[in-house]
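Below you'll find the structure I mean.
Per-chain numbering from 1; labels A, B, C, D, E and F assigned in written order.
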Amino acid sequence: MSKKRLGFIIKSLPYKTEASKLAVTHAISSQTAEIYLEDGDSVEPVICFIGDGVFNCIKGQQSMKHYGITSIEQHIKNALLLDLKVMICSEDLEKFRIKKESVIMDASEMGGETLAIIASYTEIQKEMNAVDHLLFF
Amino acid sequence: MGRLTIGSFSSPAGTMSLDFAIKLAEAAINKGHAVDLWLSGNATVLGNKDQKHYKDYSHLQKTVKLMFNSGRFRMAICEACAETRGCHKDITMDECIRASMDWHLASCFSADRVIMIGDN
Amino acid sequence: MKLCVFMSECRSGSDLIDRLEAEKLGIILVCNGVYHAAADYEIRSWLFPKNAHLYVLAEDLESRAIETSRVAPEFRVITYSDIVDLIFNEYEKTIWI
Amino acid sequence: MGRLTIGSFSSPAGTMSLDFAIKLAEAAINKGHAVDLWLSGNATVLGNKDQKHYKDYSHLQKTVKLMFNSGRFRMAICEACAETRGCHKDITMDECIRASMDWHLASCFSADRVIMIGDN
Amino acid sequence: MSKKRLGFIIKSLPYKTEASKLAVTHAISSQTAEIYLEDGDSVEPVICFIGDGVFNCIKGQQSMKHYGITSIEQHIKNALLLDLKVMICSEDLEKFRIKKESVIMDASEMGGETLAIIASYTEIQKEMNAVDHLLFF
Amino acid sequence: MKLCVFMSECRSGSDLIDRLEAEKLGIILVCNGVYHAAADYEIRSWLFPKNAHLYVLAEDLESRAIETSRVAPEFRVITYSDIVDLIFNEYEKTIWI
């Protein structure tokens, strides 16, 4: 009975490529990975947005309206609804002058209680050290 | 020996990222390691049967078949990624697993090393 | 020539645009190029050519949740329909960068 | 009215470049122009029949079908690019032309405007 | 009876994406475009390498040996063999310290006579002005 | 942690590497990352972290016709087989940039 922690580190801008969306959807799929594992074993993801990746976290994305695809915003909310750990780099938000009010912090309208964490790069680096494997997107 | 899980969503033809994945997998298998390859996005077309070989494009299917013969290689494609491209089960190679992303996560669980090639 | 440039990235391509010479130059920001229009995001480290006509695609701003209020005043916010008219009526050649 | 030739080798799912091409084509056709769309590389999978619609991925096939109905739209895919991906004639949409690159060049000859989306 | 000129402008590095290869192979296909055209009509390409694109023009590419694919070098030689106009930006070669001796200039071993042209950006810009359509890769 | 970074581009990614902290850091240049090893091409406008172990993939140099004589002396030229040994024996985690 053991747990492996995987760090999904998102550094890419949204929409031009599918990197950031795949990162979040792969992280979410940890919830059903148990069907392939021994009883009691599990995979725990942590999702971190750094660099250009923080642009994935802006509220109000209208990709469904214009392109008919689920927004990355919705995927991040789904992750929060499943109580996944989501970290967003505070220095990078500041660098790009993205206000904290503009950032997706919760999935409260869907009944979620877990909040995204705005964290320093140092804290994110600590997570990168702590996880078993790193996946950069 | 160890177990390596490689993930990729790069196209099999035209970019060299999936070539890297396949060459790395091959080298690992030749050294006695076991390799799981997870393909999503454009990379899923590598699971198609009967990819025609032109000299202008990488022909990775040949190496994939050799790796299957080793008994230490598994390859799975993201079923949704394939179906959204109109590539259904009838044209998927028999040895190739069609699965959801959780297959990849479970493979990472058992891996000694994980590499995700996060290129388009 | 009258040249219309589609700028689809925000981390590359500016060097190419700086070298282009055109009697009339239009730059339409699309895809991730649209971040260049949101001046206060500080993602732009480059100045657009002085005499260029600047446009930005509304759909791609909105998909990325970039509010029109953030768009620098030198840009005209346009639709796909406007792009069709621009490339047929105002420019002779179009390139994608 | 005018004639526009669009070329692309971007993937139909996962990137937004081919979405741009399709939306631009649609807007041009709605204004009475004629559009030729040339697809090579990963873009060729847009010619596949029966692309399943998931909300996570662009579903451009629907718009493509509407454009075919206009009578002012032609779409051709690079035959070699499709075959190297294991996508053969039997899974290509009936209205979609399979051709060599010279089709694209000939289309550029007759076009008033040409746009090549040179993204992977 | 008319001729349209198309400018294939290559700005991308080789091999990581298929952009530069597709540019050259599309340009070469001009030679058979006539089957779709009226008698006497034709398409004439010019291929220009600028910026990072000049790295496509280095001699000695061993992609066939390592990856089993025709090199971009071979495609450029095929273009020269068909007497297509190939221009390479001299300022960019200098900027990247690529010596002229390292650059693919001819297809003489295959019996070709046409040479690539090392040209200033100004000359390439003139070609861009002169062609009917531009295609950037 | 002991971290192995695959650097596959030459026009991006250096900012990410500069921030990474690792007890042991290896950087393997692959794909278009290999241009960084050819010091005299002047495509590198960035300094590798001082204590990093630097490697470059032979196959990707040769495909691009970059002669080994151009490779800066701080790089060890390696094969796919060497990569397998490095990631299993010398490092714990690997990332692709």
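Here is the rule we use: a residue touches a chain if its C-beta (ideal position, glycine included) is under 8 Å from a C-beta of that chain, and two chains touch if they have at least 3 such contacts.
Source: prediction; values computed, not measured.
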- Looking at the contacts, which chains touch chain C and chain D alike? A, E
- Reaching chain C from chain B through chains that touch each other, fewest steps: 2
- Task: Determine the set of chains touching chain A that also touch chain D.
- Result: B, C
- Note on the structure: Per mean C-alpha coordinates, the chain lying farthest from chain E is A
- Query: chain D and chain B are one sequence twice: same or different residues at the contact, by the over-half rule?
  - Reply: same
- Message: Based on mean C-alpha positions, I'd like to know which chain lies farthest from chain F.
- Response: D
- Task: Please compute the C-alpha centroid of chain A, do the same for chain F, then give the distance between them in whole Å.
- Result: 28
- Between chain D and chain F, what is the gap in Å from one C-alpha centre to the other? 38
- Just curious, how far off is chain E from chain A if you go by their C-alpha centres, in Å? 43
- Which chain E residues reach two or more other chains? 15-18, 22, 25, 67, 133-136
- Message: Touching at least two other chains at once: which residues of chain C meet that condition?
- Response: 8, 11, 31, 59-60, 63, 93-96
- Residue ranges of chain B touching at least 2 other chains are 9, 13-17, 41, 56-57, 59, 113-114, 116, 118-120
- Hey, which residues of chain D end up touching chain A in the complex? 13-17, 19, 55-59
- Enumerate the contact residues on chain F facing chain A in the complex. 1, 3, 15-16, 19-21, 93-97
- Note on the structure: Residue set of chain C touching chain A in the complex reads 8-11, 31-32, 35, 40-43, 59-60, 62-67
- Note on the structure: Given the complex, residues on chain B that touch chain F span 2, 4, 16-17, 20, 23-24, 26-28, 30-31, 33, 112-119
- Could you please specify the touching residues of chain E with respect to chain D in the complex? 4, 6, 12, 17-19, 22-23, 25-26, 28-33, 35-37, 41, 43, 45, 133-137
